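Below you'll find a set of structures to go through.
In the two complexes that follow, chain A is the common piece, with chain B as its partner first and chain C second.
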Partner chain A sequence: MTQRETIQRESDGAAAPPAERRLDVVSVLFRFQSMLGLVAVFIAAVLFSPHRGAQILFLTSENLFNVVRAVAEIGIIAVGMTFVILIGGIDLSVGAVLGLAAVGSAVLMVENGMGVVPTVLLVLLIGLVFGLLQGIASARFGIQSFIVTLAGLQVARGLARIWSGGQGVAIAYGDGPGEAPVAFSLLGERTFNGLVPIPALIFVVVAAAAIAFLRVSVFARHLYAVGGNQKAARLSGVPVNRVKIAVFGISGALAALAGIVHAGQLNQGSPNDGAGYELDAIAAVVIGGTSLAGGRGSVVGTVAGALLLGVLNNVLALNNIDANIQLLIKGLVIVAAAGLQRLRPAL
Partner chain B sequence: MGSTPPLVAMTGIGKRYGGVQACRDVDFAVRSGEVHALLGENGAGKSTLMRVLSGDITDYEGSIEIDGAPVRFRGPADAQRAGIAMIPQELDLVPALSVADNIFLGREPRSRWGGVDRRRMERETGRLLRQVGIRLDPRQPVEELRTGEQQLVTIGKALSLDARVLIMDEPTSALSAAEVQRLFQVIAELRAAGAGVVYISHRMEEIGAVADRATVLRNGRVVAEFAARSMTASQAAEAMVGRPLSAMFRTTSGEPGEEVLRVRELAVRPRRPRPGRREPAGITLSVRRGEIVGVAGLLGSGRTELLETLYGAGTPGQWTGEVLLRGRPVRPRGPRHAVRLGLAFVPEDRRISGLVLEHSVLANTALSIVDRIARFGLLRRRTETDAAADAVRRLRVKLAGLGQPVGTLSGGNQQKVVFGRMLLLRPDLLLLDDPTRGVDVGAKAEIYRLLGEVAREGVGILLASSELDELVGVCDRVIVLRDGRSVREFGTGEARAAELLAAVMGDGGEAGAAPPGERPASRVGGGT
Partner chain C sequence: MARPVPIALAATACAVLVLSAGCGTTHENAGQAPNAGTNTKCKGPNGHYVIGMSQANVAEPYRQRMNDDIRNAAASVPQFEVKFADAAQDNAKQVSDVENYLTQQIDLLIISPNESTPLTGVVKKAYDKGIPVVVLDRKVDGDAYTTFIGADNTDIGRQAGTFIAQKLLPNGGKVVELKGLPGSTPAQERDAGFQQAIAGKNIQVVATGVGDWLRDKGQQQMDAILKAQPQIDVVYSENDPMAEGAYLAAKSVGRENSIRFTGIDGLPIPSGGIKAVEDGRLTATFVYPTGGKEAVEAAKKLLIDCQQVPKKQTLPTQLVTKDNAEAVYRAANGG
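Moving on to the complex of A and B:
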């Protein structure tokens, strides 16, 4: 009993001798490493923000909420991507699934006259099943997820084009035929005195749920083990295949959710929506410190990574920086942020 | 000899890792033409001391002198320039590259046109390979070599550096007896040329054969120094462990109860043949509760494949014959199913298939039971921590805390963590594949003690091992496997190492029956 307490106390670091205090500060800093990049970019954004009178434009609450809204879609996808990358996989299909889901939302409501709730549920189910099928292909038949989801990307795009007839389906609101229920337009609005955009709220809820899930669930323990050493996990009795399949299901469902949000914000579903989003999502995950090799990382980091990209985009836009230069700067910042991750203390 | 300074003199070396003092005030010297053995349990500080010497650890206390001049290395490259080369315990070769590419990796000889001078590289490689006594095509990819051959390539690579001080960390762990002899000749040549060698090994007979001096570390301190030739194995072992080794092996046996496992004519027939494996082709055995049954066999006798098949790993379900668990026929579909049936398995290579090295001791220990103790799919941290802490204490794992990454523990302690995970499952049948491989004397003794304890609690144990002394000392019965078949069984007290060896090799000791490279020794077949 007493020894157990000792072990626990020591593992909490409370009993650490004074000589290690300095080291502890360093390790705490590194624990919040994913935040460091965000803090640095945030400070830079404040410094370089244009002013209106005495007001720093970047820091206005409206603008800050805009940042969160702008990253909501990428952020939701990136949360799912974090799960996939934690098991050492990758999901390249998410952008295309977003497009499929956006098209699906529009077509089901406008052309099939479905209500909001059935539409949302059906679209989420499509994303989930699409993800699960990719997971099954990858886990059961031992095909690398890179290849499976690369194929999945093509399939989802193809389905979206067929379903939409090859062009964007506009969403008009109203009660008549060919019109979507007004409730769906909520996704483009703000709540709490018109301050908080709904998509931002959805992103925050999804992220919070994922963070909690990874902290308290048995599934999370299995997930990290599969990513850390698949063979050891299998021999320990972890249901490796089930974990893998579930993870791709989660990623697919979240991509579909992002697609619904996308359709609601733009009032249309186009089969080309979400092109290249998978790369932004991967960037957010990696900037957030999740190892592409699997087994190490967190959703907290991913949220920080997504926000970092959002802040950067926002301040570059506020300053009317040329779009081509923006790309250049973004590239450099991504490399720098990922480089920061490498600076962790050796074991 | 006293007039010339030693090649290397380390004085007052100390190194802390967090709360663990890995080395404390260690003095260690290597003279020209000397082989200095370094002994100690896993975690005694041998590797730390050698990582200081090879420039891998730079923040240490104390001083190092080379030829009497003080030095402070800023990295491994500094140490290499000073003539210190280390042959690491873990093979760090690039699997897909050829032997020659690996040996000259990063310092490829250049041709006149600035390209790689492959002919010179291959010629040099051929010379080095002859020196270490293996005949290989320098262009062969390293991944196609046996582990022992890979180990010799690593040694050849170190020789190519023309080092004055060569550190060998467990260089023989995968070598056959003949290869070991060849390595000793190489060491003798190095010694004659005036180089110094630091030799780390757990095998006493090797120390006596090759070393001049032996220093024993315990808990990071030097506790004894011997002239290697006059040192006895028990002297060294007692110095390492710090207490007499009267009861190395289990003394009391469990009371054999009902039969927990019966295997009849087990033959594995994979749909796709698996190259390099020996499929079981007719194995019959039984294990009762409280009994420890040994499986003896050479590398390639099918012992690993037998355990994997019983556990449902590898090619589940693709076998004929009969497996009865507690009297009922079973067909494990996979490890998860096997665990549910009451089986537990400690695999051969803990780093590759046992542990998630960068995760905590807690996560690793509790990995198999987190879902059992969960409620609605949620972790119960209190229960989990209690269980892991209990296991860790029962196994006497040396650690700073449950949050410590398991990869920072010593080999023996890592093995105990794998063990602890399996014990938490409270299995009816425990399958162990060479559980003491690369584990030091002290940890071995503890694992044996524990096996006895677990058996007395009524668990049946099936123990495959390459160490015949271990099988004789620990098991109630021993089954001998040859070419995938069970060919003989030794009852309680019957088995003696010599007879067992004869049976393993093929009755009458026809060494020709053994796969090439495997020779009789007290240890048979390193396994991979």
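Moving on to the complex of A and C:
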């Protein structure tokens, strides 16, 4: 098997050693570990769902789309986070960047009278540049990404507070001054007969693009190489620093995209928004089977991880489990998923 | 009373908009839903009703107390089953919480919004489905809700100012003001009411500290103010925890007996302001009612009696001093 094929298999979340392609039960199970978790939680949700007559409330189409809408922002962030974690890094700034982007979207449209397209592009650029700067600080100066992005979190929060004047900027729609273009309100809407939420569609598109990108691009090979063995990657001519900087750029841009979606869904940009979202995103990535040590994992897994968390949240809420107990259950599920990773047969 | 950033801006922006189009998105405004505002849920005393309570953040004692008040009041109504959700101060989570209630097909929604604008859309969605909506403490934009129950912060500030001007400092004096989180509506309103009440009363605000509603911040601010101000007669704090912090600061330099402290909120819990008044640390506090009991009463009227309720219900405050602290505490806890 060639190097390229190996990497492609890895990007599928493959665990089976290429030399011996025994499709024994264990390796298949672990290969689809993140999917299995999602399926298990989904079945549990169906079983434990409250009923209204013969109707299983969890399975109503509106509820299922609610789940996807609810995880859309975390999911978009988690896709970017997957790139960062694949090289063995971490990005703690994404929640704050989401807040900054939400504020930016609101202020640019409401106070500066900018149109939707320039606003979106500028906000995405801000996220991209913010991420790239963190990548440069981490790669060029050899500071651990944990510290760099922890600092980045503070900086982004501070910028969001300054830009917004310390309070939420409401987005009102219309053509007049102080009003945002009506087109932006699409982000809070549903399409296909008022069923499919736009943020869910955006999440699906982002995830699909990332999956495709990781399958075909040269960059993806470099990514897994850097995450697997940095020294070996460098020696074999992979531009390690450039790869590192790029993944933080991707993560920042996607966090900004999530922030735009956030502003559109809530009709407001608040500097405090997105607090703690980075942890949910990391949880989704880890549940999805991506190793925090880098080099192994997939976006498919992350999507499954995000949906797993969403389904879990949803069914706990539908059953009105006490909010404090919910935290315990979610914690246990994350530990269980991480534990499964350790059990995974070595490559 | 650590409330998250409220939205003067939102209110202004929406006030402008309400005049023309309302504050929802185009989609929401596109067609008037058939059930909008009509109460189809009343089935009389023989019905069984599921009420969903969506709380912004139970980590705040005031909001935990609000939930407890609802739970206790509903316990005496056998037809009611109340469910609770906690948004943990996250607007997006609170939107999901309400959506989940809609999936469960609740009969009535009680919501204390984390912030107004982000929750307006989903509250309207519930209201348009014919579900009566009781909004507590913080409003939503527009008028797509059944009833709003809350207290008047400006009035409470005014009453505190009047109490200080008439009872504590009839001959005038020097006051320190401790404010809540900058930009938050209660912080602005409690200040505005207070300033109105002391205007022209020979009362001098010698220093103002910003304590963000927090006990430790109130203490830090007061530490500095005590060093700068040799004479302080009264500390007016916009909530009880900051007043308690200020008391601790004064005590550490031995000045707690020459200064009187007043707070706001008067939570009837062991760590709340009423106990602090009873124990003599605070001279007075003003009860900021949670509206939990009143929300259940409104639900009873809407669901069991099939009656209308007023669109807005403003709850009165109550002055708590050493004379009535014990009685108020007991009454608030059903004793």
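As a convention for this text, the second predicted complex is superposed on the first by the 321 of 347 C-alpha atoms of A that agree within 3 Å, B and C clash if a C-alpha of one lies under 4 Å from a C-alpha of the other, contacts with A are read in each partner's own complex, and residues count from 1 in each chain.
To be clear about the criterion, a residue touches a chain if its C-beta (ideal position, glycine included) is under 8 Å from a C-beta of that chain, and two chains touch if they have at least 3 such contacts.
Here the structure is a predicted model, which is why all the values come from computation and not from measurement.
Peer 1: For A:D273 in the superposed arrangement: first (chain B), second (chain C), both or neither?
Peer 2: A:D273 contacts chain C only, not chain B.
Peer 1: Quick check for you: in the superposed arrangement, does A:E73 touch first (chain B), second (chain C), both or neither?
Peer 2: second
Peer 1: Should A:P239 be classified as contacting the first partner (chain B), the second (chain C), both, or neither?
Peer 2: It touches chain B, and chain C stays clear.
Peer 1: Is A:N229 touching anything from chain B or chain C once the two structures are fitted on A? First, second, both or neither.
Peer 2: A:N229 contacts chain B only, not chain C.
Peer 1: Of chain B and chain C, which one touches more residues of chain A?
Peer 2: The partner that reaches more residues of chain A in the superposed model: C.
Peer 1: Could you give the residue numbers on chain A that contact chain B in one complex and chain C in the other?
Peer 2: No residue sits in both footprints.
Peer 1: Would you pull the chain C residues touching chain A in the complex into a rising list?
Peer 2: 4-10, 13-14, 16-17, 20-21, 23, 25-27, 58, 83-86, 88-92, 95-97, 99-100, 103-105, 115, 117-118, 120-121, 182-183
Peer 1: Touching residues of chain A toward chain C in the complex: what are they?
Peer 2: Where chain A meets chain C, its residues are 50, 52, 57, 60, 62-63, 66, 70, 73, 110, 165-174, 178-179, 182, 185, 188-190, 194, 262, 265-268, 270-273, 275-276, 313-314, 317-318, 320, 322-323.
Peer 1: Taking the touch rule as given, give the residues of chain B at its contact with chain A in the complex, in rising order.
Peer 2: Interface residues on chain B, with respect to chain A: 16, 18-19, 311, 313, 334-336, 338-340, 345, 347, 352-359, 362-363, 366-368, 370-371, 374, 377-379, 385-386, 389-390, 392-393, 399-405, 407-408, 421, 425.
Peer 1: Please give the residue numbers of chain A that touch chain B in the complex, ascending.
Peer 2: Touch list, chain A to chain B: 3-4, 7-8, 10-12, 16-17, 19-20, 23, 216-222, 224-225, 228-229, 231-239, 295-296, 347.
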